[in-house]
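Letters A, B, C and D name the chains as they come in the text, with residue numbers starting at 1 for each one.
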Amino acid sequence: MAITRDNILTWLIAYINVVNANADELNRLDSALGDGDFGASMQRGVQAIGNKMQAIADKDIGTIFKTIGMALVSAMGGTSGPLLGTMFIQMGGKSAGKQVLTLAEWTETFQAGIEGIMMRGKAQVGDKTMLDALVPALESLKAADETDIVIALRQSAQAAKKGRDDTANIIAKKGRASYVGERGLGNIDPGAANAYLFLNTLAETLGMESTD
Amino acid sequence: MAITRDNILTWLIAYINVVNANADELNRLDSALGDGDFGASMQRGVQAIGNKMQAIADKDIGTIFKTIGMALVSAMGGTSGPLLGTMFIQMGGKSAGKQVLTLAEWTETFQAGIEGIMMRGKAQVGDKTMLDALVPALESLKAADETDIVIALRQSAQAAKKGRDDTANIIAKKGRASYVGERGLGNIDPGAANAYLFLNTLAETLGMESTD
Amino acid sequence: MKKLINKPEDVVVEAMRGIEAAHADLVKVYYEPNYIVRVDAPVVGKVALVSGGGAGHEPMHGGFVGMGMLDAAAPGAIFTSPTPDQMLEAAKAANGGAGVLFIVKNYTGDCMNFDMAAELARMEGIEVETVITNDDVAVLDSLYTAGRRGVGVTVLVEKIAGAAAEQHRSLAEIKAIAERVNANGRSMGVALTSCTVPHRGEPTFSLPDDEMELGIGIHGEPGRRRVKMAPVAEIVPLMVEPILSDLPFKAGDNVLAFVNGMGGTPNVELYIVYNELNQLLKSRGINITRNLVGSYITSLEMQGCSITLLKLDDELTVLWDAPVKTAALRWG
Amino acid sequence: MKKLINKPEDVVVEAMRGIEAAHADLVKVYYEPNYIVRVDAPVVGKVALVSGGGAGHEPMHGGFVGMGMLDAAAPGAIFTSPTPDQMLEAAKAANGGAGVLFIVKNYTGDCMNFDMAAELARMEGIEVETVITNDDVAVLDSLYTAGRRGVGVTVLVEKIAGAAAEQHRSLAEIKAIAERVNANGRSMGVALTSCTVPHRGEPTFSLPDDEMELGIGIHGEPGRRRVKMAPVAEIVPLMVEPILSDLPFKAGDNVLAFVNGMGGTPNVELYIVYNELNQLLKSRGINITRNLVGSYITSLEMQGCSITLLKLDDELTVLWDAPVKTAALRWG
């Protein structure tokens, strides 16, 4: 089994709904550590994804990711816009021309996206950012059993969830949360929360499609 | 019995304390109908009276009232400053040169003060102002038994108190309270509340002195 | 109460000291009695414009002292009109021999204190005229009441009459211009929150979270009525219709539109109000040919705004455009 | 939440429409992508100053577009840095052939979006340099963190670099001046209340009635610590000491003192703060030779203020005094 172009389009549509449903919560999380706009920025982001759905409907996976990435950069602003935009653009580069991704190919693609975030944002694991959910998810994928992609994606989402929860125990070193320092302890990072939603939606999408 | 120069000085000192003790309440009353400054203005007023005590210590009643009146005009501002200042200045004119006031003389003096307020402020009884306490007090004095001045002053203060309470049932026609119109019903007028304090302090001062 | 102050009773004098320190190039500041005069006062041969009123409305009036606007301003205690001796000293310091125009907002206390000051000034041989502003359509005007309140139009009177005075026109002419501005201007305000008078320490009135006070005065006096909180697209018509129908303003009129912040409302909201006002007037065929957007006549930290419309003619427009150099208004 | 707005998502565009309607003599306003340019842009042969940032800080930056200050400004969503294509279009519209200076407040998002815009602009053959402001002493500076925030000094950089650009000096020179202003300026803020982000609808943080947030950022980010509410005479030293010791400022220094309101604090309180600041600096032998008092870099309706001190030399003083004609700052 592999991730098809259609899986990815389904995933993106599902993710639009997930973000809209969680926007208030993401704003709330960002109020505690930052400036309270993360949910609103994500909503502008997924609205831009929605606006591109028609244009990408018949494109290859690389083009889909790249188009989405550029749309996010143009629509979101803030810290998360360039970072998530860069992630998608880099994922698009890695998956250029592809119609399906094997688990190994998705792992490579995802890794390229994460490297894009690190290159642009200069943060490391442990800085209390989205990376603290994304990187454990990547590690999980790398260690996964090639045979069942749905299980691998679910485990990766679970790793992201744990990473998200662990951000509560970190004193932020990057982004706006770094200004609050110790006073941010006990609060999870909104970017990490979103990373989990993103990966969990992928796992659920593939899970649904495979039981069809 | 009559009101002596010394009675008046004692009265003024007592009134300073009464105003300071009631300033918050006067501000509160003025918040409901106006702009919340009446207590603070009265405090500046009695502070100015205090500052004049030495200068008036050996003066006749007319000079005492006139000096106080001019001090109030210079210290208070707002609506109450010119009105109370004018009241005292006019009372000073009527009592010029006097060392004592009989009940009849006090009644005339007080009447001159009230006429000063009416001349300056162009309000009538029933407009929901200090006049609604002052004028009933004057009427009571006019009808009083000449023989017991303390009783006459007490009755006059009681008339002011009733007048004050009745202002709750009036829709204001003058001053800032006129802007709230019907919504001011149920609230007593701060200027009337102060008028009662003023006259009651006089009655109590004379009552104390006469029982000494 | 949360304010950047020391003792409530020191608010006015400490703010004056701040103005004195910040604007020594524009004004001189005097204490006991308190007043502010332009740095080059008295300007010989020029009619002097003197205003004043309770403090708590800053930058009005002290921020409007300077070339092209006021010659002097007397701040009272918070929300309390100043005393006659303040205006007397201000008038004496400002008088350049051509007479003094008192600009007075129509409140009982202001009128009485300025009246007494005018009497005293005349006794000292100073020619004094008074113009009373009363532009607030929220208050029903009547001979039997205190009448309409003076609000936003006061700023426009001070600017426009100030420009006329700068041309060394006569006291009578300047008074007539000031009265023309007042007669052609109308205002209405709305409050989202109450102000808190420092010595009182608590909000003057309490508004539920979902209500606003329509027709609010600049001293926290209640307005016409409470209405449900609503989008600006609904609030602005509630403020503007009573203004338009009162004068009335008609299609083809040229107006100065003044959107004023009450002290606690940020700049960004005022421009949203201005956008709404602009669209509404456009739909009525009324032309905004001049505008002013900012917090110029405030009510301590109250959230809310007022809208003032002034019908312009060519002369008033030229006078509005004339140079002004004060702490709060500056151009040309 | 009580605000004079329509829908939260329309706040920025409606405020821009208000600015467009009110200041057509000063600026042109463009939408999708959103930016504001001075009315006579591009000014041929002049270096163009382009700034931008999240909305909610008005009048910064749109109110500073005009002669002697910014050539263009790009407002993002509320508290959200604008996107690269906004700055790209703004740079293209402002570029007069002598290059573009981006003025960027040091926040992760602002730096990244401006970086991407600079890359895109260079690809289109526009020479771009960037100056980053980071004057907030409330944040400990370190290579391993996001670094200090850019706050009040940004206004001073825009004014002073804008004056230098008006003299048609080179991009390198103007960048050096902008960096000198940033290097010689320090700021610190305090909040008495939280702001409320419109789409969030609730205060970003909650402060007890008797506490304030010392070292607050302009986006409602928490500050150094909570302290008990206190008189201004105690608050001002808490803000100023970290500023004075950081640069450090010394007796005999000439400084520009900037007392800035956070949006919900009225003018009268800012002058009380200025009075306190003036006395404190006098006692240290530091001379305030220029000042600015007003709400210029705000945080929605937050109550509070910031203090910025800038060490002045003769050149910076002359540039500060040079004429400026924008919606929010105007003189000369």
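Rule of thumb we're sticking to: a residue touches a chain if its C-beta (ideal position, glycine included) is under 8 Å from a C-beta of that chain, and two chains touch if they have at least 3 such contacts.
All values derive from a computational prediction rather than experimental measurement.
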Touching chain C and also chain D, the following chains: none
Most distant chain from chain A by Cα centroid: B
Centre distance in Å when chain A and chain D are each reduced to the mean of their C-alpha atoms: 33
Euclidean distance of C-alpha centroids - chain A vs chain B, Å: 75
Whole-Å gap separating chain A and chain C, where each centre is the average of the chain's CA atoms: 55
Graph class of chain-chain contacts, one of line, ring, star, complete, other: line
Pairs of chains satisfying the touch condition: A-D, B-C, C-D
Contact footprint of chain D on chain C as seen in their complex: 2-7, 11, 14-19, 21-22, 55-56, 58-59, 63, 192-193, 209, 212, 229, 231-233, 235, 263-276, 278, 288, 291, 293, 295, 298, 300-301, 303-305, 328, 330-331
Touching residues (chain side chain A, partner chain D) in the complex: 24, 27-28, 31, 34-37, 39-41, 44, 73-83, 120-121, 173-176, 178-180, 183
Interfacial residue positions of chain C with respect to chain B in the complex: 8-9, 33, 54, 76-85, 107-109, 112-113, 116, 139, 144-146, 149, 197, 199-200, 202, 204-205, 217, 219-223
